[in-house]
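Have a look at the structure below, then the notes.
Order as written gives the chain letters A, B, C, D, E, F, G and H; numbering starts at 1 within each chain.
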Amino acid sequence: MTLAVYLSGEIHTAWRDDVIAGCTGLDVVFSAPVTDHAASDDCGVAILGPEPEKFWHDRKGAQINAIRTRREIERADVVEVRFGDKYKQWNAAFDAGYAAALGKALVILQPPEHDHALKEVDAAALAVARDPAQVADILRYVLTGALPS
Amino acid sequence: MTLAVYLSGEIHTAWRDDVIAGCTGLDVVFSAPVTDHAASDDCGVAILGPEPEKFWHDRKGAQINAIRTRREIERADVVEVRFGDKYKQWNAAFDAGYAAALGKALVILQPPEHDHALKEVDAAALAVARDPAQVADILRYVLTGALPS
Amino acid sequence: MTLAVYLSGEIHTAWRDDVIAGCTGLDVVFSAPVTDHAASDDCGVAILGPEPEKFWHDRKGAQINAIRTRREIERADVVEVRFGDKYKQWNAAFDAGYAAALGKALVILQPPEHDHALKEVDAAALAVARDPAQVADILRYVLTGALPS
Amino acid sequence: MTLAVYLSGEIHTAWRDDVIAGCTGLDVVFSAPVTDHAASDDCGVAILGPEPEKFWHDRKGAQINAIRTRREIERADVVEVRFGDKYKQWNAAFDAGYAAALGKALVILQPPEHDHALKEVDAAALAVARDPAQVADILRYVLTGALPS
Amino acid sequence: MTLAVYLSGEIHTAWRDDVIAGCTGLDVVFSAPVTDHAASDDCGVAILGPEPEKFWHDRKGAQINAIRTRREIERADVVEVRFGDKYKQWNAAFDAGYAAALGKALVILQPPEHDHALKEVDAAALAVARDPAQVADILRYVLTGALPS
Amino acid sequence: MTLAVYLSGEIHTAWRDDVIAGCTGLDVVFSAPVTDHAASDDCGVAILGPEPEKFWHDRKGAQINAIRTRREIERADVVEVRFGDKYKQWNAAFDAGYAAALGKALVILQPPEHDHALKEVDAAALAVARDPAQVADILRYVLTGALPS
Amino acid sequence: MTLAVYLSGEIHTAWRDDVIAGCTGLDVVFSAPVTDHAASDDCGVAILGPEPEKFWHDRKGAQINAIRTRREIERADVVEVRFGDKYKQWNAAFDAGYAAALGKALVILQPPEHDHALKEVDAAALAVARDPAQVADILRYVLTGALPS
Amino acid sequence: MTLAVYLSGEIHTAWRDDVIAGCTGLDVVFSAPVTDHAASDDCGVAILGPEPEKFWHDRKGAQINAIRTRREIERADVVEVRFGDKYKQWNAAFDAGYAAALGKALVILQPPEHDHALKEVDAAALAVARDPAQVADILRYVLTGALPS
């Protein structure tokens, strides 16, 4: 069994690396959005030309990013969404909703202080983890049946 | 043509009333989540019994609310999501993602200061409005072809 | 909002009547399997002729019952499955799995002594109730936002 | 032709080994739930932390197991469900219903004494076998056209 | 519960009338292909102009008939297919396959002499009846739970 | 049987009126895009505010029109697409492709001089008509079995 | 591009070999039902034990064959159905209907004398061929763009 | 991540080669319709025999081409549609609509003079490019996150 796992959400800490490191030796194929914040913001105008209006500047970029993100979510077996401490993170919650509607296995990684605000998101999830090691432990168990010692 | 319109998102201002008032005479069937904040938070334990852990208190409620919200989104022709000034509003973004994955027509109502943070959500929407009157104008035009005078 | 609710499971107590009575005045359309045990067992051979083998006697009946049950589940907004005290009740669990795969809102009604054995079923449900009044309370809240007083 | 076969149900006898041994040389990819009963029961709390309430202890585990089981059923060409002599086995019937709703080829392995109780499950199946060798014979025939000699 | 029942197949005997008469008082909405053989054969050229080639003459008609038949099958809860004594009746078997792939409840009405030739069709059906009265009895039981006296 | 028919395509002649007039007395519910050319072009900026760039002016309008057109196509039983003598009419061909992918019954209304250019579109259609009366004749036949006298 | 092609229908002549031979060098993966007539008829009872009733004897076999045939049709890009000179061939027409409902590319191979009887089947097909060489030519063209010289 | 990209539309310039050359080193699998205009027009009659009527000559060819084009669109992650300077190009717009209804990521390549006529098509697209190099840049960014320098 190969698991395709999409790592959505926060792009300002190294949590993806921690999940991936924790899954060493497992048959997992990871994917993620473009995590270079500046590139992600500006890809639309960098490729297709400038826009005087910031709204359309953003739109052009967000639509190109959607080519990648929607496709990866559609291909994933597990969609793991990380909510961090900062920013609005509406794109993370959007991805969670998108994945839920497609029937994907949803795993949320969040600090306890967000529990109440994320209750509707969590209600669609199969697991709510507190740190990347738990996410890796879930993937290991799902693939091998082995529990953390 | 009857339009089923689900009004998702912010529950602390009267924007739903404004949209509905603006659609007087149109063949629209509106639906919405339970907008009584306390009832929405506590429905799980009020009906099914108390939980010592806040996490499960929230979970029981959020799951019961999901019976209503998922069904209404699935039935809707248009999902209108309002982002307000306060709170995390991750459930609003989750609904937007859920609706987008189902191919619903998505209309977002948001103040300009959220434009950048909502760019991924907006990129899946067919319209981004600034006030409830615009939402009503869109629905009137979609149903009758009439533009605001 | 009209809710279509399918009442699956146990046919030896009057729980369906209790749920329906508790929903007086609500816009709910209830459906159920044929609850006449003898008719349900023998419908195949009663209509299409006898079978010497009990296995095919059962098969003919179960397939005719499936015309009704699968269609009602597919049409339902909420699938409510009752597990009682007696019998194997595999058809109840089958209905729950069928409903879950179709993305229906699943509500389970079960006594606490079955909690461990039903944990996989419950994990797909949006609510686990203990008595029919709670099921009615859920439906009332979902439709009207009103909590039990 | 490669067949993906999910072996659901009873975890207390070696029937999976028998099916797999009987398919030696065939192009079959087998999958199964985690069959270590203790790990399966406790995976939720072992990974994500303890729960004082047994109900939520079970729920956390069952949801993590669902990451694996639902995905394997969705990927399978054939879902083989074994009903044994003991326990409630509602998860087995749930899997059968889940697979049936997805249009999977369903093969049930059951002793004759369960025939009447399983008639609704069997009515959705393409074969009802009595022992693992028959299951292997079915898979061999489906893949190669060869009948048991 | 209203049942939408599509009556496919043989158009040279009055079996549809018999089924409909047997369902007096039931909440069934029947539909059928155009049963005027000449109109069904010639509708394409009668409406859209003549074709020198018989193959395209037939094609134009069959495609117009498909507007009706595919839509009715897609809308039906039950697809009842009658195989009679004469003709190739490949359109009947085609309808049965079409309905099966859509997950419709399939009821076949056939004389015993066709049993072997129809075994693949029957294997996808929930009932195989011998006369129109049995079909009506099935629909009555499905809707009301009443068995023939 | 009620037929939902969406009349897509050319908006500069009265062909829709002719089809509708030809269907007098039939159980057809017609729908169409907004056929006021100016309103259709400008609805985006008229409702949501002006855009300095013509590209986004068009985009805002086209997206609002899509709320109506996609929904009507999804609801339709028959999608009738008219290609006229003028303009690029790419939106008509787009609608045809959209309808084809959804498995809708597609009827094309086109002059013979477009036959070669429309061959890929026609290849997905169940009928190619030359004038609105033929379209009405098709709908009459589909609903009643009556051919033009 | 690899094409998965399912060769359905007649099992008494060598037409499958002819198609396959004609596709030498092409990237096609062929599949087919079990073409050993006796094995296909008796597989149910040979594996699962005898049935006194011929009807159930046939049913057990047809259901096991369906494990293979339905799966192959669902996996196929092209479903090629051959109608020969003999037998009822309702299973061939059933496969064609099944494939059509799934949106598969359907190619029919039939002698001209069956044209009228097969007009509904042909109306769902993208090609009607007269001999296996034409089928191979179609597959070659679809894969490489090369026409027969 | 491998991206399957279908290059639809204009067949008279070398834009496909330019896109492909611009993607050197990327994990993209390109596909396209048959771009030999004469072969594409005549494949039907060349393989299946002549037709006296041009309409059916075209139909036979267009249907065979549809075996390839529909399948490639269904398999694609990204559908790139090029509108050139000449011809009606309704098949390009049809492909865009077909892809949009399937939820594919749509990228349009068009000169500015077509912007107004293509506004409904563009409204369904995630990017509108002006030259093949931009298309390649989009694919490179989607796959690697790298922007053009």
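Criterion: a residue touches a chain if its C-beta (ideal position, glycine included) is under 8 Å from a C-beta of that chain, and two chains touch if they have at least 3 such contacts.
What you see is a predicted model, and the numbers here were worked out from it, not measured in a lab.
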Going from chain C to chain H via touching chains takes a minimum number of steps equal to 2
Overlap of the chain B and chain H neighbour lists contains A, F
For the copies chain G and chain H, the interface residues, called same if over half of the numbers are used by both and different if under half, are different
Here the gap between chain D and chain F, centre to centre from mean Cα coordinates and rounded to Å, is 49
Between chain C and chain D, the Cα-mean centres are separated in Å by 23
Taking each chain's centre as the mean of its CA atoms, chain B sits from chain D at a distance in Å of 40
CA centroids of chain D and chain E: separation to the nearest Å works out as 37
Residue numbers in chain G touching two or more further chains are 63, 66, 123, 126, 128
The residues of chain B that touch chain D in their complex are 51-53, 56
Residue set of chain C touching chain B in the complex reads 1, 3, 77-78, 105, 107, 126-130, 134, 137-138, 141-143, 145-148
As the complex stands, chain A meets chain B at residues 54-55, 58-59, 61-63, 65-66, 69, 83, 87-102, 114-124, 128
Seen from chain A, its contact residues with chain H in the complex are 31, 34-36, 39, 42-44, 46-49, 60, 63-64, 66-68, 70-72
